[in-house]
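Next come two complexes built around chain A: one with chain B, the other with chain C.
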Partner chain A sequence: MFNVKMTDAKLLRDMITAISILIDEATFDITPQGIKLRAMDPSRVAMVDFEWPQTIFDEYNCSEPMKMCLNISEMLKLLRRVGKDESIELSLDEKTARLKMTIRGKYVRTFNMPTLEAMEEEVPTPKVTFKAKARATTDGLREAIEDASLVSDHVRIEADNEKMMMQATGSLMGATIELKKGSDALLNLEVKEPSKATYSLSYLSEIVKAASAASAVTTLEFSSDMPIKLNFEQEKEGKLTYYLAPRIEVE
Partner chain B sequence: MYTAWTTKHKPGSLEEVVGNSEAIQTLAGWVKSWDKRIPKKRAAFLYGPPGVGKTVCVEALAHDLGMELVEKNASDYRTADMVKRFAGLASQYGTLFGHKRMVLLDELDGITGTADRGGVRAVIEVVKEAHCPVVLIANDVYNPRFATLRRYCLLIEFKKPTVLQVVKRLKEICRREGITAEDETLKFVAQRSGRDVRSAINDLQALAQGKKHLTHEDVSWLAERNRKEVIFNVLRTIFYSRDCTEAKRVLDTANVDRDMLFQWIYENVPHQLTDPEDLAKAMDSLSLADLYRGRIRSSQNWSLLRYVLDFMTAGVAMARERTKVGGWVPFRFPERIRWLSRTRSERDMRSRIGMKIRRKCHVSSVVAVKEFLPYLRIVFESNAGMACGIAEWLGLDEDMVEYLAGGKRQAKAIMKSLG
Partner chain C sequence: MRYSLLAVSYEKIEATTKRLEMTDYLVELLRKTPKDILDKVVYLTQGKLYPDFVGIEIGIAEKLAIRAVSKATGQSEKKIEDDIRTTGDLGETAQQFLKKRIQTTFFQQPLTVQNVYEHLDKMAQASGPGSIGQKINYLAGLLANATPNEAKYIIRTVTGSLRLGIADMTVLDALAIAYGGGKETREDLERAYNVSSDLGNVARTVAEEGINSIKKFQVVVGNPIRPMLAERLGSPQEILEKLGGKCIAEYKYDGERIQAHKRDDHVTLFSRRLEDITGQYPDGRELVRKYVNAKETIIEAECVAIDPDTGEIKPFQALMHRRRKYGIQKAMEENPVSLFMFDALYVDGKDLTQEPYPVRHNYLEEITEKGDRVRLAEYLITDDLDELERFFEKAVEEGCEGLICKSINKDAVYQAGARGWQWIKYKRDYKSEMTDTVDLVVVGAFHGRGKRAGTYGALLLAAYNPKEDIFETVTKCGTGFTDEDLEKLPGMMKKHQIPHRHPRVLSTIEADVWFEPRVVVETIGAEITLSPIHTCALDAVRKGSGLAIRFPRFTGNYRPDKAAENATTVNEIIQLYKNQPKTQVT
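Let's turn to the complex of A and B:
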């Protein structure tokens, strides 16, 4: 048995949007304690690690651990219809293997969608020793990344004790963005060792854009030519973390 | 639970892969050369008949070298956008877990079959910019659509293994499954599969699963598989066969469109038969075939088809007398088919206008296109007022007017006075 209720349906919409950036089908791990998801994108350069404890929901009933696989893009289509001040209920019918979704606002609508065969692949957490750690406002980070996206599809991020730099070089134009320690956008910066690495802007911008709806502050951790970890701090409990592999540098 | 033996007994490492040791050596050498520097050819293109172990070999190699393999079938990346999104990212970025990476795009033949032509171009872009080994797999590397792509790839051919090699693999699987079988029996299975390892293993499973002992009676009914031969094989048989029956029979085993094949033969005859007398004879045969094609079309008497087929296969095959067999001459894609597809929209437009004229002038649309259209063009190009009247009378739409006027500006002028 699995059914949950949430007064703020927008919260679920934002979270599903954030997950949909990387994957089309998601296998959620559902336990009496909460919901978890860890998955890699098809090209295996990015990973999302998501967790919602049951306390985030207003009602949460789960009798036994189970896996539930959903077509995220289809689900998002339905969730896009969610407006302000609407509540949502999800319940899984195990006999028909369909998920029922009831949205209550000015009127009540009920959607149902099929669940898919769950994937068994276990994704481990990347083991990386991060040398640089920055805390930034998600909006500030989003602006900076959008600036860089104007000129290229990848960006080099550098950090030393004073500042964090983003450098994008496209075929025609280039951009340099500087975030000084203690500025409005960069709240904190700890650097054990000056680090630099290049990441995909298409993923970065989509991830930060989607996550900015659900988070105000982001922690970035990375090392030279190693993956980057983006942790979007949640207002309530819960976890939304992404990992992105670095670009392979040549010459 | 039912698992296919081809999956269950998939080679875990290169040592278990059947045959093709030379191709495997080349591939492994190329992948290892990435450790030193990026090789000139950033992609390896494995090609060969189905079921000879191309995919398995790449998977085993990645396993042996401890690399992360990111693989996709053509069905997963039908459009240019999806190719870029998946393969572009995978080939330029590292892994999250610190391994090296190899990207595999399997069943590339499928990508050309779809309407989206940008797919192959996107693959070329990915290959040019790749920062890690990219392996491509297809059955037919000489498909004209791969012409440009081939230049950027290290071509590695996978051949059918020998019957003995297939038998060896079948024996190993029998041992693991606890089945006893005589060599002769397994040899029969291997032969009947046409040395296709995958289908041999599938056959073996179908025949032997649940048994302790496999006898010759169990397998004897296995029919010879007539594999669909690709058009190149058909052409090869027709051009190099010295035997009428063989040349004729190739059509039965191949599932190719007859009219299409005619164009293929017609296009390639001058390149294959260089001796003028041979060429003349082959062309004579083709013209006879074409004559009968015409008669079938006008009389719908399909019993004449056998003459068309005999002339275009056996007739062409027997034309070779003086031209020496030697050297590899590539087959060309028929210009006519290319031309037809290039001019399709224009021909459509002309026949649509023809239909309009037909209705008003009581002539056939073919005559309308042939005899009326040229004059209409002159009128539409030079006299907007008169064109306007004609357009109104015939009931032409904006696209048709633009086509006849030969330009947007003139078309606008006509449409304006039309109101």
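Let's turn to the complex of A and C:
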């Protein structure tokens, strides 16, 4: 048995939006303790690690651990209809293998959608020793990435004890963005070793854009030529973390 | 099984120009393949996922494939496009770019054949909004795990450019050696393939169950049979000689050859290339359902577009409107089809493929209920050269391509998948073109049916022969008339109507209504051909034949300024016939 209630349906909508940018089909791990999802995008360039403990829900009933696979883009279509001050209830009908979704606001509507055959692949988290750690406002980070996206499709991120730099070089134009430690955008910076690595901007901007609805502050960790980890801090409990594999510098 | 094994085999096969070597490599590959995925490997080596008749194709546009390569390698689409200009092959480009992949990935896993097949299958079956993104993602996912060499072949497979040149016959050779027990089993394998059209199934069956199961392969309703094909000869003489002096000659209609599979009310139509084209011919399916009196049957027919107003057959081009997903309804109204049946391969539990043609033809006649739009292909059993030539002219004049002459011998079985001398095409060597209009006299008319009930379906038109002062028929024209024309015609012709053929009209055709020769109409056709029916220029070009206008159309111009005697003359028609530009027919 699985059914949950949430007073603020937008919370779920934002979370599904954040997941949808990487994957089409998501297999959720559901236990009496909460919901988890760890999945890679099909190109294996990025990974999302999501966790909601049962306390985040207003009601949470799960009798035994199970996997539930959903078509995320279809689900998002339904969730886009969620308005302000609406609540949501999800319940899985194990007999028909369909998920029922009841949204209550000015009126009540109930959608149902099929669940899919769960994918078995277990995704581990990458084991990386991060040398640089920055804490930034999600909005600030998003703006910086949007600036870089104007000139190129990839960006080099560098950090030392003073600042974090973003360098984008396109075929015509270039951009340098500096985020000083302690500025409005960069709340904190801890660097054990100056580090630099290059990442795909199309992934970065999509991730940050989608996650910004669900988070105000981002912790960003990376090392030279290693993956970057972006942890979007949640207001309540819960975890929304992305990993993005680096590009190899060719210049 | 690792996909790399397949890629290595592809590489070897691609490098050789010798068919025997190719077979050897294929044998090696088939032996290494686990039996339960042998079907998949066979499909994949041919750049497919399923036998053709299933109708699921891998195809993805190169543009989308480029996006997937870009996603998996981190290179910009522009760079990839630029590189294709030098390599000429996205597969090659993908291989190069994967070697210097800029974008790293998490947890690469070696690709297995099953895994690749599953992804390709999902790509092929993705549909609806968002499916383009999904296809790109599936492909990018494969490439992310692929070695550069594997990437080359994956790309070529999905873009339909895997040109290994492995013919069906080479696969059969290889199967005979690898699993059949030797080359001598090749014939059994080929027969199984010809009746099932499913090479993968044949491969898996022989590997898992042995050659004896292959020998038991049966014609199955729903599984298309590879069509028997015809050779070609240039004259009735050669044809009759080849066929033992006597044959059954059938009209070769200018339509689409279809194989109809009927099980109760369920009907599937397959094209000559064994694709399921039921969706293109809902009317054809209905005709089979209604007019074929057998519970379970496989028959062959020519599906021909007809003019809904006149019932006349139209050239092949009219069927082009069927080759699409949408608008079939409209195409069905504008160009409905008729079926001309010509073979029966299976009737209610009886496999007829080993029966001689006359037997099959009898079965066909028995189960076909004649209708307006369903009948047997026009045929003639003859041992006479002249008769055959006349029949040929008649076929051409009526809009057909020519004749198919079939053996009536005892050994004239259905040779599935083979081109042989049991069936011989007799087509024209060239096609000519009528470039100018002619003014013809209305001498008779035929009652219309359906939409044209109450008016005329077609007019019988004649040219003037000044020497004899008579009018000789040259065509039956039902096309080109507007609704308004049709409404006015009976009234307009009424005053010229007479109870019998006018004495100055020479005609072998019996019209429904006769007129005195007065009204002249401007007409054009596709070409002027010899005719055993029309009297225009009889014996002038060839003994026993006249001339006729093929696919005639009224231009919309009545010629009240012309008297019947001012109409185009027979001599002018002969000149037009002789001077018309000719093009070779292949």
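The criterion applied here is as follows: the second predicted complex is superposed on the first by the 250 of 251 C-alpha atoms of A that agree within 3 Å, B and C clash if a C-alpha of one lies under 4 Å from a C-alpha of the other, contacts with A are read in each partner's own complex, and residues count from 1 in each chain.
In this text, a contact is a pair of C-beta atoms (placed from the backbone, for glycine too) under 8 Å apart; a residue touches a chain by one contact, two chains touch by 3 or more.
Keep in mind that what you see is a predicted model, and the values were worked out from it rather than measured.
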Should the superposition on chain A be reported as showing a clash between chain B and chain C, or a fit? clash
Should A:Glu59 be classified as contacting the first partner (chain B), the second (chain C), both, or neither? neither
Quick check for you: in the superposed arrangement, does A:Glu94 touch first (chain B), second (chain C), both or neither? neither
Examine A:Asp85 and indicate which partner it touches, taking first as chain B and second as chain C; both and neither are also allowed. neither
Determine, under the contact definition given at the top, whether A:Pro126 touches first (chain B), second (chain C), both, or neither. both
Considering only touches as defined above, state whether A:Pro246 meets chain B (first), chain C (second), both or neither. both
Examine A:Asp24 and indicate which partner it touches, taking first as chain B and second as chain C; both and neither are also allowed. second
Quick check on the superposed pair: does A:Ser73 touch chain B, chain C, both, or neither? Answer first, second, both or neither. second
What part of chain A is shared between its chain B contacts and its chain C contacts? 40-45, 47, 124, 126, 154, 200, 227, 243, 245-248, 250
Under the touch definition given earlier, write down the residues of chain B that touch chain A in their complex. 38, 68, 70, 72, 76, 85-90, 92-98, 101, 131-132
Of all residues in chain C, those that touch chain A in their complex: 71-72, 74, 76, 100-108, 130, 133-134, 137-138, 140-141, 143-145
Considering only the defined contacts, which chain A positions touch chain B in the complex? 40-47, 124, 126-127, 154, 199-200, 202-203, 225, 227, 243-248, 250
Give the list of chain A residues in touch with chain C in this complex. 24, 40-45, 47, 73, 123-124, 126, 153-154, 200, 227, 243, 245-248, 250
